Amino acid sequence: MQRILNDPDRIVDEMLSGFVKCHGDIVKRVITGPDNPRGVIAAKDAPIPGKVGVVTGGGSGHKPAFVGYVGKNMCDAAAVGEIFTSPTALSFLEAFRAADGGKGVACLYGNYSGDNMNVKMAARMAKREGIQVKTVVANDDVASAPRDQREKRRGVAGEIFMWKCGGGKAAKGGSLDEVIAAAQKAIDNCHSVGIGITPCTLPAVGHPNFEIKDGTMEVGIGHHGEPGIKVCPLEDAKGMAKRMVDVVLPDHPFEAGDEVAVLVSGLGATPVMELYVLYDEIECLLKDKGIRIHRAYVGNSFTSLDMMGATLTLMKLDEELKELLDMEAWCMGFKQK
Amino acid sequence: MACFANGEGRSILLNMVKAIQGHKEYLGEVDGLIGDGDHGMNMNKGFTLYAEELGEDAVTFSDGLFDLGALLLNRIGGSMGPIYGTVFMEMSDAANEMEEVDLPLFAAMMRAGLEGLYDIVDARPGDKTLVDTLHPAVQSLDADARQGTAFRDALANMRAAAEAGWKSTESLMARYGRSARLGERSRGVPDAGATSCKLILWAMAEGIEALLR
Amino acid sequence: MQRILNDPDRIVDEMLSGFVKCHGDIVKRVITGPDNPRGVIAAKDAPIPGKVGVVTGGGSGHKPAFVGYVGKNMCDAAAVGEIFTSPTALSFLEAFRAADGGKGVACLYGNYSGDNMNVKMAARMAKREGIQVKTVVANDDVASAPRDQREKRRGVAGEIFMWKCGGGKAAKGGSLDEVIAAAQKAIDNCHSVGIGITPCTLPAVGHPNFEIKDGTMEVGIGHHGEPGIKVCPLEDAKGMAKRMVDVVLPDHPFEAGDEVAVLVSGLGATPVMELYVLYDEIECLLKDKGIRIHRAYVGNSFTSLDMMGATLTLMKLDEELKELLDMEAWCMGFKQK
Amino acid sequence: MACFANGEGRSILLNMVKAIQGHKEYLGEVDGLIGDGDHGMNMNKGFTLYAEELGEDAVTFSDGLFDLGALLLNRIGGSMGPIYGTVFMEMSDAANEMEEVDLPLFAAMMRAGLEGLYDIVDARPGDKTLVDTLHPAVQSLDADARQGTAFRDALANMRAAAEAGWKSTESLMARYGRSARLGERSRGVPDAGATSCKLILWAMAEGIEALLR
């Protein structure tokens, strides 16, 4: 395994150490109790009294997610788990503490069973401490369950739009219920799909986790390499774009005249140049359908270690979501004026 | 009636640790097939940390289970933190700090672990999770406790039940956890949690067998 | 080859098309003559009358370089070559035209023989059109030639600091000579080194360009996979950090009390998480030497397609460079408030 | 004295195109060893584009050289654009639109190409660049033109000189271009530009030989 690391079992803590050193103008590390030496990552000025706290968290290996979305007008704190492993309940609890400005905490996270269990336990503990926590569970990955079982779907890159809109609402002074409602609306309007073309290697495991045969691609792959809906021969960018759009469009469904935000995220090791080639194709397909692109984001926004491939997320916009999406934001992973 | 001294728990616990450490790669591979490949890594990290913190100390079986469970819950996270954390801590509570553990008590501990788990997950037998290993093991112990089977025989029965349960996950379709989204594609591979649970129950049984008197 | 593309021979044009669609708020494509259908990428508001134009350019495959550094307070225009291939003289000429606000153009580019020849030819043509062009040639790659032959060294990630400082000076209203002097000082103060741990694959070639054997790493590798000073067994992050610092520090030389800017760039396919681990080690080593870090940047800032590995760049700061570095900037690849 | 009709240049030019197209991978590999691997790709793209734009048209050798050179310079870039662009365009200028090309004229064209190149690059023989192929080829033609050798024999001599020059780059240490920074590590591999130059000169010679009368 050709990688840059020391002890694979300590990679998360070392990464956090470097992250905090580099982004001290945006974030800080907060340790509120002795049992969680890792602490959590919080926005530099968190908690903001009188503002609803926005919290997220999840396993590591998805950079910029999750700590890269802590900052102005996005998340106030993030709990950090081991690679591909939910943070502990204690860790979520610490994030709640770090984010709570007295108006309650909106915990906006992805639908994975570990996260579900740990957030639930943490929310219970927080309640005992007098912190009110409400949650939104992202489930935007179309490929992970049929439409009538949306509650079973995984959360993927759509989470970024959920944080942006929830975080924006909180920054505008929204109440906990308003923040939850905005974040819920955002994720309900998000539909994503991924295509994997190479597997990823967990540093502590040392060999690829699963196989994607040369010359094939996995349509609907999850952010941890969870197998997708279909393995098919590798296609060109045009073919991949069509496949992604064909999965995502009918799901909302998106229709001519709809205004959308588009996010094309690399899975980690795909050169960004190729993401623009892919976006170029996607834009053409959306235009052809009469869909209007309000904003587009292209980059490695939600990754899976060294996996090659990309995800497409479309969010249907209304006036409220547009206003929230357009707000300034300043995190390591999301800088917008 | 056969029993073992709660105070001699150290060897049982270390046997469980050894079982996980020895199967770290295997558990990772099994999880890699239809999950995300981290199961061996996380389990190994948690169990190894526990062994390190235990050091050379003696510990009762029930206290050790509590410490191990709390460590998994508070320091490892993932699905395994809350799941095994809950199971082990509930088992510990049910032991009620008794000095000797006989079959009825051990069966009650195991049932408490399963019930604690049912409190936090929706999975039930047949859903291709570790419940498929744990549930038949508990059933088997319960039945043997009621029938007054010898402890040693009951442990052998429990092992067989756990193994059969684990094996059954191979042909099941996952409905919870990461592999749930695979549908039909999840068949043909055992569940990772069911696999680690089988290893743990076997190691626990072996550890107890060596102490029985 | 597992990649996202259509016709490998058209990848650069398709990438540019996607890039312009996505970043229309920052850049535009400018075509000033019929002979170069690709045109060049210019800042949205370029040329700014009365401001010195700042131009760069180079082969593609280095995203965000070069087009990602066109924008506010950085470059006004960039010429775009094929993958790893200098843009044509015509293309550089078009970039000069697109950037010239009547005060002349500072062409800040890297030391590669193709770029040298094409820029020289373009400058000659520009002169005939009445555009004055002066150049700074980046040569910050310590591993590429001994210190007494600095003029032979390649330009690598230090170019980003050169653009930042040159671009800043131009934005502040500096004259052409002042802009050139600032950019020259910036690059003179930059010292870089790269370590490659996997090779890269040119899309049109389809297999890795060169070999880095598993278990080894190439210290001093160039941005196109040019072999380095030494192949040695793969080390951990601590070892790599030490090797990089040991190459770079004696070169200026940097000394206790010096203030520096640090840039750790991934080579494309290395997960960003690992770059933070590396930065964590580098920061410790610099601190130990008494070197003060004024600003640090970590990310995929200057890449080599899908190569794995990283580069370290240190720039020695004085008051002028600090002021220029601290200025706001807004490009796809460099967003700073 | 033997000569060929400038107006029949098409077949010579297409022979050069074919030589590059047929060695695209090989040139990429040679450049990959101590350069950046794009030499085959760029040369192939430029020469193929030229052939496409030429289509079915007839063209004089000298006009074709100019078009090919201009295309490389204006559309391909890299080092090859200015280098081969200059060489071909200077050769074309030196042909002076003559209707027949004999050995003295061809030698003069080649010399003009080399001199144009010397105007824009500092590399000289021994620096492990395409100069090591081009320079001896020009020398050989010059000598044969002075001595009145038959055109066909002079072309054979030129080929041998170019090949020997190309071969010599294998043991040289690079001093210009991307591989220059390799120092000692650049020995043992031929130079990419010297390789393509040899292919081009051979194809050019073959093309001329077929037209000689």
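A, B, C and D label the chains in the order they appear, each numbered from 1.
One rule holds in what follows: a residue touches a chain if its C-beta (ideal position, glycine included) is under 8 Å from a C-beta of that chain, and two chains touch if they have at least 3 such contacts.
Bear in mind that the values here come from a model prediction, so they are computed numbers and not experimental data.
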(request) Averaging each chain's C-alpha atoms to get its centre, pick out the one most distant from subunit D. (result) B
(message) For subunit A versus subunit D, what separation do you get between their C-alpha means, in angstrom?
(response) 55
(request) Determine the centre-to-centre distance between subunit B and subunit D, using the mean Cα coordinates as centres, and give it in whole Å. (result) 75
(message) On a C-alpha centroid basis, what's the spacing between subunit A and subunit B, in Å?
(response) 33
(request) Indicate the residues of subunit D shared as contacts by at least two other chains. (result) none
(message) Two or more other chains touching the same residue: where does that happen in subunit C?
(response) none
(message) Edges wherever two chains touch, nodes for the chains themselves; is that graph a line, a ring, a star, complete, or other here?
(response) line
(message) Show me, using the given definition of touch, all chain pairs that touch one another.
(response) A-B, A-C, C-D
(request) Give every residue of subunit A touching subunit C within the complex, in rising order. (result) 2-7, 11, 14-19, 21-22, 60-61, 63-64, 197-198, 212, 214, 217, 234, 236-238, 240, 268-281, 283, 296-298, 300, 303, 305-306, 308-310, 330, 335, 337
(message) Quick check: in the complex, which residue numbers of subunit D touch subunit C?
(response) 25, 28, 32-38, 40-42, 45, 73-83, 120-121, 176-182, 185
(message) Which stretch or stretches of subunit A touch subunit B in the complex?
(response) 9, 35-36, 59, 81-91, 112-114, 117-118, 120-121, 143-145, 152-154, 202, 204-205, 209-210, 222, 224-227
